[in-house]
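The structure under discussion appears below in the form of structure tokens.
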Amino acid sequence: QGLPKLGVKKTYKVGFAQTESNNPWRIAQTKSMQEEAKRLGWQLVYTDAGGSAAKQVADVNSMIAQKVDAIFLAPREEKPLAAAVKNARAAGIPVILLDRNVDQSLAKAGTDYVTFIGSDFIQEGQRVGTWLKANHKGQARVIQLLGTTGSSPANDRRKGFEDAVKSDTSIKILASQDGDFARDKGRQVMQTLLQAHPDVNVVYAHNDEMAIGAIAALEAAGKKPGKDVLVMSIDGGKEAVQLVANGKINYVVECNPRFGPKAYATLKDYAAGKKIPAKIINPDRDYDAKTAKAGLATAY
Amino acid sequence: MATSPLPSSARGQAASAFLQRYGVLIALALLLTFGALRYEGFLSPFNLFSVLAFNSMFGLVALGMAFVIMTGGIDLSVGSVAAFASVIAAMLSPHGLWLALLGAVGAATLLGLVNGLVIAYGRVLPFIATLAMLLGARGLALLFAGDQSVSVSYESGFTNFGQGKIGAVPYTAIVLAAAFVLGSVALRYTAFGRHILAVGGGEDAARLMGLKVERVKVLVYTLSGALAGLAGVILASQFGAGQPTEGLGWELTAIAAVVVGGTLLTGGMGSIGNTLVGVLLLGLIFNILNFENGKGTISLSNYWQSIIRGVFLLIVVVLQSQLTKRRS
Amino acid sequence: MTTAEPLLVMEGIDKAFSGVPALSGAHLRVGPAEVHALIGQNGAGKSTMIKILTGAYRKDAGTIRFSGRDVEFTSPNGAQLGGIATIYQEVNLVGYRSVAENIFLGREPKRGPFLDIARMNREAREILAGFDLRIAVTEPLRTYSVAVQQMVAIARAVSQKSRLVIMDEPTSSLDDREVETLFRVIRQLKAEGVSVIFVSHRLDELYAVCDRITIMRDGRTVHEGDMTGITKLELVARMLGKEVGELRREGETAFSRGGTVAGEELLSARDLQAGRTLRGVDVNVKRGEIVGLAGLLGSGRSETAKAIFGADDLSSGELRVHGRSVKFKSPGDAIRNGIGFCAEERKTDGIIPDMSVRENLTLALLPKLQQLGVVDGARQAEIVNRFIARLGIKTSGPDQKIRELSGGNQQKVLLARWLCMNPNLLILDEPTRGIDVGAKGEIQALIDELSRDGLGVLMISSELEELAEGCDRVVVLRDGQSVAELPRATLSQDAIMAAMAHGQEEGARG
Amino acid sequence: MPSLRLDPAILGALGALVLLFVFNAAFTPNFLTVQTLNVILTQVATIVIVATGMTLVIATGGIDLSVGALMAISGAVAPLIFMHPALAGGLGVTLAFVVPVLVAGLFGLFNGTLITKFGLQPFIATLVLFIAGRGVAQALTNGNLQVFNNPAFQFIGMGRVFGIPFQVLLMFAVVAFFAWVMRRTVFGRHVLAVGGNEGAARLAGVPVTRVKLAVYGIVALLSGLAGLIVIAINSSADANQVGLNMELNAIAAVAVGGTALTGGRASVGGTLVGALLLQLIGFTLLAKGVPQSAALVVQAAIILIAVYLQRRKA
């Protein structure tokens, strides 16, 4: 009762079930998947669930109906997408999960799907927390800009961070509010929170976009981001890394959306019968004032 | 006293009346034919029933919406209410399907009732009352769920409802069909149905004629809440989780389906059967786009897909309105 | 007349709308099996009285006894269940639903949980047959004319087997033959022991069918008595609050035609065709002339008016204004050519309910009241005040919403809308519909006077006396065609009636 | 003369606004500062600008769901112009102010045409662009985020005149102008007449088609303008995000501000009050640290209460 088999072929017809495409990170991920498929000469069936886990399951079903060779799935939600994974398996199609996992009690790597490739969101939050513990001076008063309420990266990046700083009494979280992973919303929320908590000296944003919005808000309020207020974020896109280099962001943990090469390589390995680990964690970098300039060239 | 027969009984009208009535059905048939000819695997039972199972949620929501719209109202809260119900269903799922079903549909019905009371007796316009519920129910869903998806129990048989089948036919498709048959009968053959249409056709007149307009309104919003609740139970059961963030934009899909089905947004006229056809028509478009992307000839990015969907909607409603215009 | 205990007693009824009293201490007594006339000037409070009785409005004070019990209906539904059926002043039915459904709405025949549709349609047909109305009961009601709708409303009310049937101006959109039918039904109801409250501004009708009368003025009941005990002149005097001697009356109407010299041609329409209803209408109007348009219901009078005014598309025919051939694409074009049109259905085609009397009155005039798009408020106010005074519009002020006015007063505002434009040609579709006799006289006199100053008028009326006395010429339509044209010399009610029914050899189209 | 007395329809919202203001003054630290006022006004500016147009549309008995998408389109077009190498300098910036707004206006006329010529119901007609419009914006930029730094252009979102943010001045100018239009001009009356009874208005010579085209054009132009402000503040144009949910925010502001969604009435001042109220609610909930889930419930309740109250006063 193992995984569906996949023969070795020159080209494959594969499906990529994207969650949504309403932010730069997702768009970069999609682009990477498309470009790499093109480079390999593979046929890619691309679907977009528009932020709905239910639709994503239906999307996967439509790929099954099209008899693709394999499915790459970026699950919108841990639990609902387990159903999609099982459907694919029942149809004899191997699945590789990208950037988010499915609920391990419902579907397991090695039996239900091949593997999970991605980052560990909790760990990302922890890295930010750990860096803060090491780098803040005096009392740290933190505003946390949360990702979209209810989404798993938001929940995990919050949990990782809060767990990491819990023990440190010199770090106090003043407020945690939903910035919807968006620049404009991040800016507006930050503006408002700045009024209520003028003594803030640390901002932790769950992604680059909100961090950039927060920087605009800080500057509009006459504060110097990076100096008066430490700014930290996750994603590590080029714009953010540049800001680290400019000293406006202090620390970024990378969460690289360029999945294409790794994803297809893994599939080829699987077809070739190689042993695939249950989890492939991306070797995500991080950037601070010292490493940013060097990293800029390779930041996505 | 003049006793002229029908004022409108010209011959040429028959054709456009036919088209108006069956136009959507013809469009659906055309779309299916197109898909069948162009894509391999499109007409497979797996694909069709998968589309049906997924769209059963929209179908139920659109059914409630159709009733609401026929009274001249609107219910923007259906998506949030369904999400809320899915959370409640998931929380109750360890106690078995029936309790989860009753509890979730009951809770959603309650929210629908609140909508109805606020609209009928509070005299707040439906758009605003249900807009508030759209926010409120979402908030409640997140509160109950603790901001994340809620697991359902797989042991209690709860998931059979959403995932089980008779032969190749999913239960959810059967539930959908049953709901529409009942709805159709209720609209056509019961006084309640007539009263819904009368309220939509002229609220003041209906009131002066002695109809209990308020009660009719409360009932349709409650019904819409209940059906959204049922959709929420299917959501939880089919996908194995109560999802507080699901259901975004369902109200627009449902409204579009109702309108595509030929129901007037101003109320007073409409068809239940065509609403279902409208749901399937809009649902199939997504499916077709997925298949088109699989052809490999072009890869439609997400934004091209939304442009295509918009243009498709445009074509359907323009044709519809031209037919209606020609008729009257 | 009746000595038994009255069926209905309303005593000391008070009602104020946002502080302005509409009824103060009004009373109304209706005996069993009695046809009771309720009359009064526009805005006297008749409709308000009725709506309080049926629970559509809540009274501020007073008592109501019905069938020997104190009652207070809280909704029209309650009144209906309590044995009171009502035909409200504005036709209030659901246009999209079928005729049969409208008749049975709220009391549909059922079999088990389901409607018995076959029975409903059958019974609807039977009920309508009692009104000599043989129409397809499964068609949406809105496909029929106002008159048919009005008859359906009456049929609905009468078929409810109530003890009291209220008719608030049921005849205002009916013509003579239908009125006869209605009277027959009323007499039949009376024979069955049902009482009827009958509101109308057509006095002859009251004498024809009513037993007793209640007259209201300014929210009070000013007279109560037997119909036979009061002459027309007394009745009008009571209603207007004047002495009988003050009322000098010559004809039935305030028109005094004859001897007017018609000027150059304002409008000439030849062979107008539109839709399925207009199949060749010829009509022309000269400066200073009042031309009547007569015909049975559905003969195409309103359609003719709308087609001339650019509100409906013409499929063929020629239209000349001031001798120039024109094609109006919209009413705006017609208005710019100096034409005004006061439509028949004021609720759907006339008033903007939520706008003030001021804005409603000057709506068509606005383009002339503006400079660079800005409304000249002072001139607007001046015009509005002038017409409120001139037509005696009963309103708490120009800022009052028009929907709060009584039906007749709304009609006056709409007339003013067109009069204030100083049009060359005015098309009036049932201009005095629902207007009390006092105001009617004033309006007729006004039309008369304006026509002497050169205004051309095309007037549609179902009241033949209005046409016979008021017009210089009457064009008669039948089935969408003009079939006769009666010059002043041969004008009489009988002549018009004959032409309407049979056409006339020497008619316009031969 | 239209009297200058306060429209009773907005009393509910105004009362709630005052109450909330007093509450914040008492319980929210640092509330009574110029800075706070600035934050609230700059954040509400785009909503008010769009909602003013929406007020006109709703007054004709219509609705426009496409405003957010139109903001995205205008926001996508502007950088294409001022970042174009051939259009560097003043010309590019000037065109970047004018062209995107006009493009949005054209889409508004498209909406209006669907409604007037094809007889589509406004909800459905504008749903088309609601679905497709954002796609158009993305197609223009190939889905990419456009990042820029152009102080001349960004003046519209970041500039100040006498210390007052330019967008706030713009907002007040728009409100004042359209309040005046609705009160004093023929066009204003025509808008109300069309919404109050379209058939009757037509028979009274009101150019119904033109009035409707105009209001959908106006709301689109204003949305285009708002789109420029949003991208200017953020130094970036993100077709996915610009104007997201704007239709609901604008409609809610209009409704809370006392303009009936059934048409025939309009209160531009009320819309300003309504938008401010909603913004202040958001501000208060954020400042008090209420989590999103609870905040949604509170918002829902307050909207209902405000609408309910003024419904009784009206």
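Just a few scattered comments:
Letters A, B, C and D mark the chains as written, and numbering starts fresh at 1 in each.
Operating definition for what follows: a contact is a pair of C-beta atoms (placed from the backbone, for glycine too) under 8 Å apart; a residue touches a chain by one contact, two chains touch by 3 or more.
Each chain and its UniProt protein: B, D = Monosaccharide ABC transporter membrane protein (CUT2 family); C = Monosaccharide ABC transporter ATP-binding protein (CUT2 family).
Quantities reported herein were computed from a predicted structural model and do not represent experimental measurements.
Simply put, of A-B and C-D, more C-beta pairs touch at A-B.
When you average the Cα atoms of each chain and compare centres, the chain farthest from chain B turns out to be C. The centroid of the Cα atoms in chain A and the matching centroid in chain B are 34 Å apart. One finds 72 Å separating the Cα centroids of chain A and chain C.
Centroids of chain C and chain D (each the mean of its C-alpha atoms) stand 44 Å apart.
Inter-chain centre distance (chain B to chain D, centres taken as mean C-alpha positions): 30 Å.
Multi-chain contact residues of chain A (touching two or more other chains): 21, 149. Touching of two or more other chains is recorded for residues 142, 147, 301-303, 305 of chain B.
Applying the touch criterion to all chain pairs gives A-B, A-D, B-C, B-D, C-D. Those residues of chain D that touch chain A in the shared complex are 28-31, 33, 35-36, 39, 42-43, 143-145, 147, 158, 230, 233-236, 238, 240-242, 244, 282-283, 286-289, 291-293. Those residues of chain A lying in contact with chain D across their complex are 21-24, 27, 149, 175-178, 182-185, 187-189, 191-196, 198, 212-213, 216, 220-221, 239. Chain C contributes residues 56, 75-77, 79-81, 86, 88, 92-97, 101-102, 105-106, 108, 110, 113-115, 117, 131-136, 139, 143-144, 156, 177-178, 181, 276, 296-298 to its touches with chain B in the complex.
Residues of chain D touching chain C in their complex: 1-3, 184-187, 189-190, 192-193, 196-197, 199-207, 264-265.
Within the complex formed with chain A, the chain B residues making contact are 39-42, 44, 46-47, 50-51, 54, 57, 142, 145, 147-149, 151-152, 154, 163, 235, 238-241, 243-246, 248-249, 286-287, 290-291, 293-294, 296, 299-303, 305.
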